[in-house]
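Listed next: structures, encoded as structure tokens.
Two complexes, one shared chain (chain A), two partners (chain B, chain C).
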Partner chain A sequence: MATDTEDTDWLSTDARLRWQRLKGRLFVGVLVLATLVGVLALAALFAYIGRDALGPFGAEPSWFLLYFGTAVTPIAAYTLYVTGRLRWLGDPHPDVRTVNDTAFAVVFGSLVLGLVVYAVATALAPEDVAIYVVCLSVPPLLVRGYARRYGETHFTGPGTPVSVLFGLGAGVVVAVTLGETLALLVDWLLFLVVVTLPAAALLGSLAVRRFSRRWGYLTSAAVLVLGPAGAIGGIVAGFDPALGVVLASGVLAPVGLLVADTVAHRRGGWPGLLGPVVLIGGVLVGATLERSLGITGLNSWLTPTLVFDSWSSTDPTAAGIYPQLVGSIIIVAVMAVMSFPVGVGAAIYLEEYAPETGWGGRLATVLDVNISNLAGVPSVVYGLLGLALFRNAFGLAPGLVITAGATLGLLILPIVIVAAQEALRSVPDELRQGSYGLGASRWQTVRNVVLPEALPGMLTGTILALGRAIGETAPLVMIGVAATRFSPPEGLFSGATALPLQIFASAGNAIPEYRTGVLAAASLVLLVTLLAMNATAILVRNRYENN
Partner chain B sequence: MSQDNMTDPEQSTNATATVSAPEVDTDESSIDSTVGRTVIETRDLDVYYGDEQALQEVSLSIPERQVTAMIGPSGCGKSTFLRCLNRMNDLVETARVEGEVLLNGRNLYAEDVDPVALRRRIGMVFQQPNPFPKSIYENVAYGRRVQNKSVDDEIVEQALRRAALWDEVKDQLDQSALELSGGQQQRLCIARAIAVDPEVVLMDEPASALDPVATSKIEDLIEELAEDYTVVIVTHNMQQAARISDRTAVFLTGGELVEVGPTQRVFENPDSDRVEDYITGKFG
Partner chain C sequence: MATEGHDTLQRDGLAVRKERLYGRLLAACAALTLLVTAGIVLALLGQTIVFFGEVSIVGYLTGTDWTPLIGEASYGVLPLVTGTLLVTVVSAVIALPTGLAIAIYLSEYATARTRAVLKPTLEILAGVPTVIYGYFALVYLTPLLNEVFPTRIGLIPAGVPVLPEYTFVVPSLRTFNVLSGGVVVGLIIIPMVSSISEDALSSVPDSLREAAYGLGSTKFDVSTKVVVPAATSGIVSSYVLALSRAIGETMAVTIAVGSSPQMPDLGNVLVNLTQENQTITAAMVQIAGAESLGGVTYESMFALGMTLFVLTLGMNVVAELVRRRYREEYD
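Let's look at the complex of A and B:
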């Protein structure tokens, strides 16, 4: 007890305060431990898969030294420069970072998208994809053009989805009647329709916005020339001319536009363009030197054979997962098409329209709670649902792409709904009020103010949900999807196949290399796919948050 | 009960005072000689949120092309009153409105009145600046677009000029409205509201989230707007009401309208002792 004379005694720490502080530190220690357990588990998983899939211990020390010199060091130096930590080089122009981010997104985004479109369209038959691209895009464009020309919005607004449905019907008819005739055309001509035309339209409109109308037309024309040029390049260089079309108009063209845009609007940010060059160049130089110097590299199972060939269950070095990878991508696309509109629609109803009071309100609350419950239902149960619904009730054959996509679409539907609800809830109410105050109807408010604000959040949530579903195995087993197919699915009503199923199946192979090497490498491919999807989600979110 | 007894006579005198406003006001001061036609009139307006009554039998008339200010302590129902005038309370499911609000003699709460059509005639500016996350141009154009009215550069420029914002933003119409300062955002919201050419502009504490410089700009603007529009403004700032309004209505706790009249008279010589206490700062 302090006496009255020592009236500043209370300032010093007493035993009780010390004990409180100790408790606080102990608590923080426990929290750090808990975090470390999670991080270490992840690190162990990646180390294990990485060791088995890539075989880093088979490489000579000089291999590591080589890539350290050609790839790791330049990339590290470049990153330090861009983030402004290399002081002696002077501070980078403020635009460098933006340009660098955009450059990485454009180069790798267009590369991945182009290759996926190439793989999927080749699998599904390019003539069908070309027919649907035309039939699904022309009617809504005509409606939009009419709306703009005559300033009419009363009927053209609802007319747009109707025209899409009309296009879908027309597509089916055209595919049945003209499909076989069009199939006689060489593939690269069809890829001009699938990739070059949309790229010309997209990049053209982008150039109109960034430069001027005239440059927009010129850009479109340039893309239209690049497409056939890519095909000729492919014929001359001896690879698939269709791939040449995709690379020229789907990858080279956007990169070219990026360079032009940087020169015109962000001249000071040009060093940002070097990022992808440093990365790709470093790896290429390393690979060239590795071969010419005869250095023993990784003892990797992640080989071109694994990624681009089909399965072999007797020779692990010849086993490939190309059909499964493409099959998974097609299933993801079907899932997205099925779950996004339905999920977003349900979320909009529940958040924006459902009554809050009375019987309607009670019903809405019941729906709300049960959707959250659905999100937690085990995936194998969804498999059962798919089996009951598509196989037994509709009588469809087992393991079709459409049933696999629809089953997994149902699986992620509640997650998509909840994510979309969150996104809608995060739109400030003041914006809705402002819109109503200007005499907008509820639909106008939702359409023009709420949805544009909520869309990035919806997209992010959907992509993350799709990422979760791409690894699902149990429901696919339940509905009878085959693990091993030797070619990718040819259409929605063809037999599906998926990467996680093949991984699951190869775990039981008698040859040990399957269980150690192939399995790990296939898992790595799955993980990289997943990470790419998550990265897309993060990019979408960041891009809109900055705006 | 005793309170009810106290309020009743006051309310009835207010009601008579407002109904016969033109004659009474011309006698009182020079400002009131300009009192024009009544645009909005409320009769025995009661509002309930669930079981809670937010407004008690408010009868008030709002003259054309003047600034009418609603003042009173927080929770006195002044914002609720404002939101009855363009039926924004319809958006609150628990809200229930009884009584009449007449716009040019027509009851806004009649069955055949479409609240969306009504809000196209009565614009509103909110407490927090709430521009849409679109370009400045699109913010101004938004109201006209949703109302299917023509949009051209001249209309947008005109609205921005009237909101005293044109000179500051004329070179950046394509930029996001969110990049503007708070005061500019609020003036943009005013431009957005007047771009659709409404008859009445409602303002719910339009300057309370702004700094003094931005506030004084908004106040100047409100006085100018009253040349073309009927302005109804809610404010908790009595000096502001005294500076910019032609008429003032004082709401006190419980949602009762205690006094209404020409601003100068209400502030200098209020009828009610409670209003005098409130204005001189004895409570509220």
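Let's look at the complex of A and C:
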């Protein structure tokens, strides 16, 4: 329309055409307006909650200037450099961007994962977690080792899941008999088992793949040394030695491996390693300057008290959501364990096994319709199912972690199945036919060809579903989960608690600071958790879509 | 596979049995979903039957009082149903046109880049926990709406001689009210309308658009007179699904709409929006929070659940039927 030639000029004098054009423009205007309604509503939600949670208007202008100088400008300049928009610095090496993405993922991923493991293991009692880590990982590893040593595959295939079940049983027995004895050990020794051993195995096998077998062993040995070193560091510096173990072997070790890998394989990409350093360093420098210069910072409700203390319903400044946060994480973990295997299994059956015709085909259609209907059942009705099933039929106490996790697991099951089905459908048929052509059976094809290809999509869908479920409140209310607990749940059969429940329960608190402060901060924590999970899902998707 | 006597090609018995075992295990996973449905139906049905043994079904369906927790309990579901309807209507007014407009924009007008930004944003809009929407409505939206809207609207401007002054009094919103609850439920279902409608719009084949352009249509004509009509079945089905979601929405309305069921006031319709009410879902949450195991009140929760389940399931089935029955097939 912008290219007015003489012809169209002559045409546009026609009133009818002008009206047509106006109509079209108005229509687009209305459409854009409607789209803006959605976007602006979201922006308003975040703006209001962010304002009340962080209190930016309480800060001096110099505070903003300070952080603008120490954190925002450097990271912005750095990002521009990495994306190749700072021409005068020269084009960055092509590896820089990959290294940068990996560096951010490794640093913040391992940090978050480490802290979550530390918090959850501390809540559930480290001795129990250590027992289950050993009991659940040793039997399948023995089976695998046997399979590799003797080249036997007939029984080791089904043997792996059976050995996991055996390990679970053994874990229960050991936890009952030895749990109390092991509890006498210092926590950090147990955390060596919970964090350092798996980290050593994982990083070691990564190093074997990236470098050589010898370097793999050396890496494992280094991680095993780093763990106790972290504990000693903790004792010397005066913080929990268990946290030292987690940080040293769970965060420092993977970062070290990343640096080594970059130096060895992607030397040109080294500037990519600086991203997290610039970000964390900038914030730290800003915080130090803020304190030494005596600048008034944010009037924030998002304080260490809020994140690390337990709830108080009378004093807003003392209210914290630590038990609820850890409770939510534990529920999500239970939910994932319950819904992912079953959901993937169901999807594999429907996509790969179910016959197209005959009774089997009809059954598959019924299952498909049933799943899409289940996805439309209101969440509060799932709460009633949980109530009737676990409380009335099984006679469990109200509001246990296991019931909460199972109820929400059933709630997200249809979503997980649909996501997994989509992932399976996107695997090209040529791969299956190639596998069949080589003489593989149906299960071998699924196991070795289809599943590896579809797994990222399945994980993405599941993480998104879990993110959705972390904010679910209604089913938890229905099954009688307590909003306020003053310590995180101690086990699967202990009372659960969840962050959204606390928000629900305190929305009616008469003290105004709760509504305009504590709850805003709690909501912000919930939103950030959710966004982080969504971002993880998108990262997983992008990483594997590109390959 | 080759089973007709080609002994040399046949897998040995163990491998065949293993295959069969895996197939059965996977089928069991799929069958579990049927068990979930059966569990829901049985759980609801069992307690509902017990409930209707004590409260007459006619009294339940036609009663205008829902007071299960105060004084002499009365179990009339009508005020809850009308409360739910009110919230749903408000959310529909917000979400259905907006959602469709977003869908048309995304499918017909937006550039690939805009879509790449808008679609994740809408996904986040749908992903925000509903409890936060409820909190947002209660703490921020209601005061905001109270400020924005005037309390009196002069239908005939004051100061005009001869004519009597006639002003229309808009009652101000209560702390808990239907309007802000309905608005946030509308926000919650916008992404559902827009994504399903957009799928329907983009699956209209380009040949139809090109044919219309060839006949001299403007983009506006193509969008509104060709693409949207061709995708009607998908759009209607998205509407029904979204409304079903609005009916089943729980936490936002529990927090924002409150917990005192009201029969609708047919005199001044706007009053219904400004005052407190209660939806079916909110009543269930209220009972779950207050009642211990057993008793008529406890059972009434399941009767409400059954009502909700039948209502939403019916709507979902209708949506599916509309989609299948009226789908335009293009080859």
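By our rule, the second predicted complex is superposed on the first by the 516 of 547 C-alpha atoms of A that agree within 3 Å, B and C clash if a C-alpha of one lies under 4 Å from a C-alpha of the other, contacts with A are read in each partner's own complex, and residues count from 1 in each chain.
In this section, a contact is a pair of C-beta atoms (placed from the backbone, for glycine too) under 8 Å apart; a residue touches a chain by one contact, two chains touch by 3 or more.
Note that the structure is a prediction, hence the values are computed from the model and not measured.
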First, second, both or neither for A:97, with chain B first and chain C second: neither
Partner chain in contact with A:477 - chain B first, chain C second, else both or neither: second
Touching partner for A:467 - first (chain B), second (chain C), both, neither: second
Touching partner for A:356 - first (chain B), second (chain C), both, neither: first
Partner chain(s) touched by A:541 [first = chain B, second = chain C, both, neither]: neither
Touched partner set for A:430, first chain B, second chain C, both or neither: first
First (chain B), second (chain C), both or neither touched by A:453: first
Chain B versus chain C, judged by how many residues of chain A each one touches: C
Chain B versus chain C as contact partner of A:441, first or second or both or neither: both
Residues of chain A contacting chain B in one complex and chain C in the other: 154, 441
Chain A to chain B touching residues, read off their complex: 153-154, 355-357, 361, 428, 430-431, 433-441, 444, 448-449, 452-453, 547
Interfacial residue positions of chain A with respect to chain C in the complex: 20-21, 23-24, 27-28, 30-35, 37-39, 41-42, 44-45, 48-49, 154, 157-158, 341-346, 348-350, 353-354, 366-367, 369-374, 376-385, 387-389, 391-392, 398, 410, 413-414, 417, 441-443, 464, 467-468, 470-474, 477-478, 480, 500, 503-504, 507, 515-516, 519, 523, 526-527, 530-531, 534, 538
Touching residues (chain side chain C, partner chain A) in the complex: 1, 11, 14-15, 18-19, 21-23, 25-34, 36-37, 39-40, 42-44, 46-47, 97-98, 101-102, 104-106, 109, 118, 120-125, 127-136, 138-140, 187, 190-191, 194, 218-220, 223-224, 241, 244-245, 247-251, 254-255, 281, 284-285, 288-289, 293, 301-302, 305, 308-309, 312-313, 316-317, 320
Residues of chain B defined as touching chain A within the complex: 86, 88, 91, 93-94, 116-117, 119-121, 123-126, 128, 130-133, 142-143, 145-148, 176, 189, 192-193, 196
